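The structure appears below as structure tokens.
Going by the order they are written in, the chains are A, B, C, D and E; count residues from 1 in each one.
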């Protein structure tokens, strides 16, 4: 491969990885944006999304829908709804009672939810990997020795489309403003007629649905699922959300893409390589935060004396 | 779903119609039955129980009943020390097991200090034995046997430029290093030497790197699940060279997950019972009792149990020194997987590695 | 003698000039006030004096020493204390802990002192407690010393702020709208308190306040700013009759003042 | 005064008038009792005697578990200084004890230096690490700090994994155990006492710091940095001190861990470790010393008690954790109980 | 006599063990301005918070237009037309002025109408129009107070509950705010006003109640109250 081809291929790899990070980071960011919680359980929602969609796809595989794109799209929609509702239930059961508690307690509760989720899946799957069989092959197109499968191309488009829809929803409706306002002063929002519980529930629904969609895409793309699969991407997406400016929606996408690119080029660059690539990206993250303490798109915290 | 055998089942199997015993011999099992490696640990425990049933049915050891007590090391060094001291506190005669090298090392010290003979049935890092001179015995071929096997395999495939991928843990890194050195010493080229972090799913940038390095073969030294994903992504990313995986990936699950991409993948494998003619009876017993296939390390676990029983018989007592000396003196003891004789370092003398190839979703023995 | 001197101070936020070439001095041992319309830049000026905002131009001399580039904690240590317009108490700490925090800059025990507790350190701890108790007594919240700050009524929270500022043992006390939220009776008590702070404790007081009744009663000199610029200064009488002040700030009706 | 009508549980926080069950009330009363210095010292004296006596009477297993517990007491109290006292969220605390463990390990293994001489170096390295992570990030808000500490923890672990001097992925194996006044430290009992002494020191120092000028300054910056600054507290210096002291606690614990385990590898310092320690601190009751000890106890004992139930263990742990947090959001032994 | 819009019957509220309201009853008629006086900690803010359901009542009743709204979810109370401007302004600090106003009309679906109302508010408070893109948190105290009132007006409420609107305002603005309250009131909004500045409040109000430690100790017409000796002494001064 020529240098140019390597760059293009790595660019593409980074974008695809980055859009997964972005999708998961969105959920972190939204939840943080509204109740200032670093939702550790979010990564497990991603994992549950993967498994949920696998069951559905296995089921639909037997019907006329098949395991091709049609079956995948239907499974994805149902997964997003089911897992979105799971997110809402988790919020009701585990987070709502602690809304006024210290924030770190909420963080630990989220950790508890995370443990419950992944250990449940571990028990159910006996800790084994599950193959994610789809009807998609490895067909693709190549430009020189740059090779991109159709699946990859479609997934990246889907991820970007989902992010755009979310962005429009948040900027074009009162919902987005209410979300931000709730994070600043919940009681005062109530006095404006905002149904705070409903908006929080909606946030969890949307965030979880997005994570679930990412979980399914990961299954389709990587071909296998594991109860622990959320862990690493969880940390990465969390990092991405912070790089972009946590609580800021476009920031999460930007952070995700940036992190994806850092990792893929980090792997390729000789002195860094796969061994040091995470050190490389975390170092850049720390530098970003030192020079821009609220993340790339974050605004300066403004409070007067 | 594999039924985790309950305590009750265990007793029933042990004491069904066995003869009268004159006391019991308590042996510790140290394997992970929780955590990421729980399946293998479970397989090993199951196989040991089968061996114990056979031994007890044949009259036990020195007329005493062989009993087990489990210490779960969770494949985690911290948990492992607790498990090891729990076993030592229960005054076991010897310990069987040891799956994750990293989690076995701290235990070795504890067993050595307590003078408890320890037969390591799966972990095979060469670092292990140094920690416990005299009291630990490895019945799995050590890493350098595998490095030889892998180099032979690639040479046969006519490959010269090789890429190595490990997973950043002691075991897979150690193997990758040994094989790399072997490969270089045979006058070949290493074009990439990389690591994927545990839990990562996306290897596409690594695939591109390997492709751009011009590698003709890839040697994966870590475990099957991530191995399967790597294989799929290599093929998806347009890599067409040879792929060989190491013993951690010898599970059929690798082929199940990898699907079409798994065709033609080679494996340097420890003696897996499925391909050993002598092991057919063991397999059917295992199937009958646990309703699943024995995993890759079940055979060695079974062998280790018999080896221990034999050594205690030869020692004629449960005195630890006597057992240790008897183990060290083992001479051409026939087991399912190999003929056991130990080197002065208590490591297996002859390599027991074999080469498998993925064909039609199954491993088949090459040669 | 002038304890605080402000020279051509200018503070800008982007395009907005919050403080514009303001100069004046505060006499040691006096009580002086700063008034002006909302958004005139009074609080911003306080923030510059105490190091929370960095003014772009000009100079601030406290006892003849420039404090322009100093960090807030340094300035407090030099002897300038403040209260905040939007109460900034340590909400989850008790009143006692709040007030004791003021003594931080007047004590010196470090890590070793804390762990080994030599007699000097014990004596220092006792002194911190004594001063805190005395300050709470002075503003009249001694009986609430074990309550959490956040559970006090607004008026009492204000008092905690005063006590805390007094505990830093300042030479100059800056009060930002101390009377907001107090009723008539309480305002009269405040007038009394401010006078006692000056007379008994020899602390110079400089305050921002919108309650003209109080300002007129208590201050010896008043500065007026509007749009960041000083428009008047003088005694209560002079300022009250200044047409620019009436137009920008006071309005015609006198009832608004208590 | 009797309650006339049940108040609807809704809206605002401060108004939550939760009825406490008798058990919780009893516990709270005990807690209040414990705040009395005399009671506290009495209980502690009895505890110390029992604990010194314990390894002579109990099995090796119990001693091993208790040793792990003392280790956790030290690291949890260390993290408590950062999180509980100073209010700085740290998700990478394992890095600090990695620093201690590797410093000791490398010096013993590669340079043959006596263990006791490695301790001051370990402390020095901890101070450097505390400065390295605290220094550039002091301006960051809590959650951003959390991610920086997480990143720092990962960087330390990955560096240990990739560097030759730290033994790469295999780690350092065969670290010699020291002698203490002629006694070779080989038995678990020796380590039990070593960690017990370390833990008692940590408890003592924590109490002393808490009731000091520095302790109060930490509480203030935790509540409101600007106001603290206005009170003449040098926020930067005080925060940095919290980082450094916390990191010294961790490093010392790490050094002792290195000789106890005789082998250390990057896998002992995973993110999950950091999270578990944070969990212990918050679950027990951030900022409250007995609470933190209780949290450490819970985190160590729980997995042992439920060892028998295999793979359901962590599931049950998760559920119990959830229930506890929902019923006692301030922790098992909260800093303030009203 | 006009219709009663808001009635409190024996309302009780507590914070933990402390009773902040010990059974207060009052009513507000349509088109009135009613003021609530009392010293610090008397329970004035608590009264308003209980009406808007921000804190739960634990005894008694709140009725709005004959309907029981005690402890109803706060947003439904807003939808019915009762708006509470809380003590201490409570501006959304990181939203700009326009966004703050938009949130005031959260219950409104019609965007054009929202725009019209924002323009109305800008007309009442021209300073806000100048600062329309500035973050709420960076406004001066007085600007924030204007924004808080403007935000409440966005719903075009039937009843406006105002908690110390004059706090921290320059005298000239206090006059302005009082004039605006009068204007709003004349346009048909009923006002319940809590004020420390009793002189101004009594001048503006039709009737008043005096609250002391959670109980109503006096009530009556505003002029009558402003002549009462005890009130003069504690709240007005001469």
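Rule of thumb we're sticking to: a residue touches a chain if its C-beta (ideal position, glycine included) is under 8 Å from a C-beta of that chain, and two chains touch if they have at least 3 such contacts.
This is a predicted model, so every value here is computed, not measured.
A.B. asks: Treat touching chains as neighbours: how many steps, at the fewest, connect subunit B to subunit E?
C.D. replies: Contact-graph shortest path, subunit B to subunit E, evaluates to 2.
A.B. asks: Looking only at C-beta pairs that count as contacts, which pair of chains has more of them, A-E or A-D?
C.D. replies: Higher C-beta contact count between the two pairs: A-D.
A.B. asks: Using each chain's Cα centroid, which is most distant from the centroid of subunit A?
C.D. replies: For subunit A, the chain whose C-alpha mean is farthest off is C.
A.B. asks: When the centre of a chain is set as the mean of its C-alpha atoms, what distance in Å lies between subunit C and subunit E?
C.D. replies: 30
A.B. asks: At what distance in angstrom does the C-alpha mean of subunit D lie from that of subunit C?
C.D. replies: For subunit C versus subunit D, the centre distance works out to 41 Å.
A.B. asks: How many angstrom lie between the CA centroids of subunit B and subunit C, rounded to a whole number?
C.D. replies: Taking the average C-alpha coordinate of subunit B and of subunit C, the gap between them is 74 Å.
A.B. asks: Averaging over Cα atoms per chain, report the distance between subunit A and subunit C in Å.
C.D. replies: Between these chains, centre-to-centre, one finds 48 Å.
A.B. asks: In subunit E, which residues are in touch with two or more of the other chains?
C.D. replies: If we look for residues of subunit E contacting two or more partner chains, we find 15, 53-54, 73-74, 138.
A.B. asks: Would you pick out the residues of subunit D that each touch at least 2 other chains?
C.D. replies: In subunit D, the residues touching two or more other chains are 11-12, 14, 161, 226, 311, 314.
A.B. asks: Using the touch definition from the top, which residues of subunit B touch two or more other chains?
C.D. replies: Subunit B, residues with two or more chain partners: 38, 168.
A.B. asks: Once bound in the complex, which stretches of subunit B touch subunit A?
C.D. replies: 1-2, 35-36, 38-39, 168, 194-202, 204-206, 208-209, 211-212, 224-225, 228-229, 232-233, 235-238, 253, 256-261
A.B. asks: Quick one: which bits of subunit A touch subunit B in the complex? Just the residue numbers, please.
C.D. replies: 1, 5-6, 9-10, 13-14, 16-17, 20, 126-131, 133, 138, 140, 142, 145, 147, 149, 152, 218, 222-224, 226, 228-229, 231-233, 263-268, 273-275, 278
A.B. asks: Flag every residue of subunit C that touches subunit E in the complex, lowest number first.
C.D. replies: 13, 35-40, 43, 85-86, 151, 153-156, 177, 180-186, 188, 210, 212-213, 248-251, 253, 255-258
A.B. asks: Flag every residue of subunit E that touches subunit C in the complex, lowest number first.
C.D. replies: It is residues 15, 39-41, 87-88, 127, 138-143, 145, 164, 167-175, 196-200, 203, 233-237 of subunit E that touch subunit C.
A.B. asks: Can you name the residues of subunit C that touch subunit D in the complex?
C.D. replies: Within the complex, subunit C touches subunit D at residues 50, 52, 71-73, 76-77, 81-82, 84, 88-93, 97, 100-102, 104-107, 109-111, 113-115, 117, 121, 124-125, 128, 148, 150-151, 164, 168.
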